[in-house]
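Alright, structures below, take your time with them.
Two complexes are shown next, each including subunit A; its partner changes from subunit B in the first to subunit C in the second.
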Partner chain A sequence: MSVLITTSIITAIGVFLAALLTLAERFLLDYGICKITINGDKIYQVRGGNHLLGSLQEQDIFIPSACGGRGSCGLCKVKVLEGGGPLLPTETPYLTKEEIENHTRLACQVKVRNDIEILIPEELFSIREYEAKVVNFKDLTYDIKLISLQLKGDETIDFVAGQYVQLKIPVYGNIKEEVYRAYSIASPESNKKQIDLIIRRVPKGIATTYIFDYLKKGDTIFFNGPYGDFYLRDSQREIIYIAGGSGLAPIKSMLHKMIEEGIDRKATFFFGCVSGRDLYFVEEMKSFEEKLPNFKFIPALSNPNPEDNWLGETGLITEVVDRHISSDGDYEAYLCGSPGMINASIKVLRSKGIPEELIFYDKF
Partner chain B sequence: MYINPIVIFFASIFTSNIVLTNFLGMCSYLAISRDLKSSWGLGQAVIFVMTITTILNYLVYKYILVPAELEYLRYIVFIIVVAAFVQLLEMVLERFMPGLYYTLGIFLPLITVNCAILGVALFMVIREYTFIQSLAYGAGGGIGWALAIVALAGIREKVDETKIPKGLQGPGFALIVTGIMAMAFIGLSGIANIQ
Partner chain C sequence: MKQTPELDRIQELMQPGVISKDGFLGNDTRNLTDILADDQRIVTNLGFTHQELANAMEELTEVGKKAFGNPVLVRGFLEVTVDSSKGKMASPFGGLFDKENVVVVNKKTGESIRWTTLNIHMIRDHGFYEGKGSYFRVEPEDLVRVLELYVG
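Moving on, here comes the complex of A and B:
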C-alpha cells in the first residue's frame, strides 16, 4: 500500500511540475506573429520565438552560415536596426568595435520576439535552395571527384565566378543529422542550368563519405547558394592564382569567365600538388593557355615520384611562387586551398610587397 | 538550540561558506571563474536561484514529504523542483525581464545541476531549520558562493599574467587558490558558527 502512495505522490509532483512548465511555455513563449522588415521595403510575417537565422530560412532567405546556427562561425552577420534586444555575450567574440557600433548582430543568436527591422546585402535575396540531379560523376584523381549537378525544371542559378554553394547532405548510414558543406563552383557562370563541383575525399568526413560512397549518378540532391565574395575584381593588375587540391575549382570558373568576357589581363596560375597522381585538369589548363595568350599555368609538385618523370617545377607552392614573381610588379592575388597553404602563401606575397587588400582568398 | 537567522545568514557567507568549507558547487565554480564579469553574472544567478529554491524545497518538504512520511525521497524531489524552477525562471525572465535575462540567462541552465543548490536544501533539512532560518541560509549560501567565485576570478585574472608550471594551469591552480582562500576564511570563524 505504501508503495502505491509513494509512487503516486512522486508522480503527482512530477506531473504537476511538467504541466506547469508546459503551460508556461504555451503562454510565456508565445510571441504571436512578428513582422520582419528587410532593407526597409520587404516585409515578412513569421512566428515569433525563433532565431532570426531560422526564421529567415523559412522565408527562403539564406544568410551564409557555416556552423548551422550554433554561434561558432560568426558568418551570419546582419544589421539589426530595431527590435533585436541587447547584444549577447555569445556574439561579442565575433564582432569588431565598428560592427557593434553599426548594429551588426549574429542572426543565429538574435531571437525574433517582436517586430524587427534588419538590413542585409541585396545579393542575399538571390540565395535560394535548389533541387538538382547528379548528371555526371567523374574521377579526377584517386581522391578527387568532379560532380555535375543539373537544376531541375526550368530553374536557373545566377552566380559570380568564384562563389560557392552549400550542399545539403541528407541523413544516411549512421549519420542522424543533415549537414551542409560548402563547395566552390568550377563551371562557367554563363551556364545557369548546371554547376560543376570539385570534391576531395576527406577521410571519415561526413559529407565526402556520402558523396563518394552513397551518391550515384541520377540521384537528386539539394544545395543552396551562391555565397561568397571571392570573385575576380575589375582592375588592370596582373593576376596571381594560387590553389592546392580541390581549390582549383573557383579559379577554373574565373578562367572561364576571362575567356568568355575577353579579359586579357596577364595571369599566372600556380597549382600545388604532392606528386603526379594529384594533378588533374592539365589538358584543360593547356587549352586555357591557348585561348588566353597572357595566361600561364604552372603546376608544381612538392614530392614527385620517380615514375612521374616530372620535368616541371618542384618544391612547395610557396617556393615556386617566390621564384616566379618579382618584388616590383603590380599584382592582385586569388588564393584557394587549405588554411596552412593560404597562410604560407600570404606571407610570401606580402614579402613581395603585395598589399593585404589585394590578396583575396577562400580557406576551407 | 535555536540559532538567530541573522547569525545563520552571516555564518553561511563567511564561516560556513558552501564552497570554502563544504567544497560544493565546484564544477561551475572552476569552469566560470576565468573572468570577473561572467563569474559575477553566475554569482548573481546562484544567489537568486538558491534563495528561492531553498524556500520552495522547504515548503515541499514540510507540507508534502513529511506528512506523507517520504523524507527519504527528498534527494529526487529537491532536484526535480530545482530543475523545474530554473526552467520556469528562464521563461519568465525571457518574457518579462529581457535585460536581466541577457545577463543571467546563459548561466541559468548551468545552475540546474549545481550541487551547492541541492546541498543547501539538504543541509536545511539535516539542521532542522525553520522557514525564516531557511530563507536566511539560502540567501547567505548564495551570497557566500558568489563571494567565493568572484574572489577566485579576481585572483585568477591577476595570476593569468604570470608563468605557472604547465601541469598546474587551469583547475589545478584554481583548486590550490581555493584551498588557501578556505584557510584564510578560517580566520573569520570567531564571528559565528553554525556547523
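Moving on, here comes the complex of A and C:
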C-alpha cells in the first residue's frame, strides 16, 4: 500500500513539474515579436522562440537545406550580423575558419530570441514553395525514373534551364521528419505549369526510397525553388556538355532552351554510361540533333555488354572527351554528375586549355 | 558505460529516419560509447589502428572511383567497384561526404565487403564502424580478411 502511495506522490510531483515547465516556457520564455532585418532593408516581424530557418520559411523565404533543419547537412548558411547569439558546437563542424570570421551561421541552429540582422543572397527572395500533383511516373532505366509534377491551381513557376528544386519528402515508414533533396529540372523553362525531374535511386536513401517505393501517380507533393546558378551563359563559345546518370536532367533543359530560343551555337553533349542498360533518352537526343544543326550527341559506354551490340564510343567519358576536344578551341563547359566525374572532367578540360571560369557545374 | 551528452546527441542522429533511412545502428542496442569501445578493442586485437584500416579503404576507393562505376582490379585479386551519386551524405558526427558506395570482391576467395565514403570518415576520425546489423556496418575482421591486410 505504502509503495502505491509513494508511486502516486512521485507521479503527481512529476506531472506538476512538467506542467510548470510548460507554463514557464510559455510565459517566462515568451520572446514576443522579434524583428528580422534582411540585407539591411527588408524587415519581417516573427514570433520569437523558433529557429531562424523555420521563421524565414513562415515568411516564404526558403534557405536551401537538405536535412529539413536538423543540423546534419550544413547547407542553410546565412550571415548573421547581429542578434544570433553565440556560435553553437552543433554548427562549427560545418563552418570553415573564414566563414566563422565573417559571421556565417546555420539558420537551423540560430534561435530567434531578439531582433536579428542577417544577410542572404537576393535571389532567395524569388524562391517559393509549390504544391504539385505527380502526373507522370516513368522508368528510364533500372534505377532512374522520370517524374512529372504539375502545379496545382493557377500556380506557375519561373526558372532558368539548369536550375534545381528541392523536393519535400514527407514523413513515411520509419522516417519521422520531413527532409528536402535537390533535383535538377529536366523540362523546358517555357513550361511554367509542369516540371520534370530525373531521379536515380540511392541505395537506402531516405528521399529516393520514398520516390521509388511510396510515391505514385496522382499523389500530391511539395517542392521549393528554383535554385542555382548553373545555367547557359550568353556567349558565342562552343558548348561542351558532359553528364552521367541523372546528370542528364539540366542538360536536357538547356537543350530545350536552345531549340526554343533558336540558339545555334556549336554544342556537343558527352553522356557517359557503364553499359547499355544505363542509357536513356537516346531517341530524344537524336531528335534534338535534328532540331539543332550544330548539336551533336555522343553517348559513350565504358563497359558495354556483348548483348548491347554497341557500335558507338567506348571508354570512360573523360577519355572520350579527351579524344574529341581540341586544345585550341573556344569552349565553355557544363557538367552534371557525381563529384568524381565532375572532378575528372574538369581535369581533362583544363588540360585542353579551358579556363576554370568557363567550366560550370552544380555543387550539390 | 555512461556516455557524454555529446555522444547522446550523436546517437540520436544515428537513429533510423534521421539522417539515413535505416540509421547507423542496425539492431544494436548498446550505447554508442560501448560500440566505440568494443570496436576499438577488436581493431587493437587485430593489430591495426582505425587510421590504418581507413587508409586501406580510402586507397581502394580512390582507385575505384576513377573508373566511374566500372570494376577495377587492384593488387591482382581485389575487384573494386565504386558507384557514385550526385548529392552529399551528412555524417552524424558532422560534415558532408560524397555519396559513394564501394564494393570490393576478393577474386581468390569470392568474399566481398562494402562501404561508403562516409564509413571511411567515421572509422578514421571517430572509430565508428556502425552498429551490429546495420546495412553499412564494416566488420573490422571481415575488412582485414577480405582485403588481406597484414600487420606491419
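One rule holds in what follows: the second predicted complex is superposed on the first by the 265 of 364 C-alpha atoms of A that agree within 3 Å, B and C clash if a C-alpha of one lies under 4 Å from a C-alpha of the other, contacts with A are read in each partner's own complex, and residues count from 1 in each chain.
Quick note on the criterion: a contact is a pair of C-beta atoms (placed from the backbone, for glycine too) under 8 Å apart; a residue touches a chain by one contact, two chains touch by 3 or more.
What you see is a predicted model, and the numbers here were worked out from it, not measured in a lab.
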item: Winner by number of subunit A residues touched, once subunit B and subunit C are compared; value: C
item: First (subunit B), second (subunit C), both or neither touched by A:Val282; value: neither
item: Touching partner for A:Val135 - first (subunit B), second (subunit C), both, neither; value: neither
item: First (subunit B), second (subunit C), both or neither touched by A:Gly272; value: second
item: First (subunit B), second (subunit C), both or neither touched by A:Pro93; value: second
item: Which of subunit B and subunit C A:Ile43 touches, first, second, both or neither; value: neither
item: Partner chain(s) touched by A:Gly85 [first = subunit B, second = subunit C, both, neither]; value: first
item: Residues of subunit A at both interfaces, subunit B in one complex, subunit C in the other; value: 89-90
item: Touch list for subunit A against partner subunit C, complex; value: 66-67, 70, 72-74, 89-90, 92-94, 173-177, 181-182, 200, 202-206, 209, 244-247, 272, 274, 302-303, 316-317, 336-341, 344, 362, 364
item: Contacting residues of subunit C [partner subunit A, same complex]; value: 6, 9, 13, 16-22, 65-71, 82, 84-88, 90-96, 98-101, 135-136
item: Subunit B-touching residues of subunit A, taken from the complex the two chains share; value: 5-6, 9-10, 13-14, 17-18, 20-21, 24-25, 28-29, 85-86, 88-90, 113
item: Subunit B residues touching subunit A - in the complex, by the definition given at the top; value: 38, 60, 64, 68, 70, 73, 76-77, 80-81, 84, 87-88, 91-92, 94-95, 98-99, 102, 106
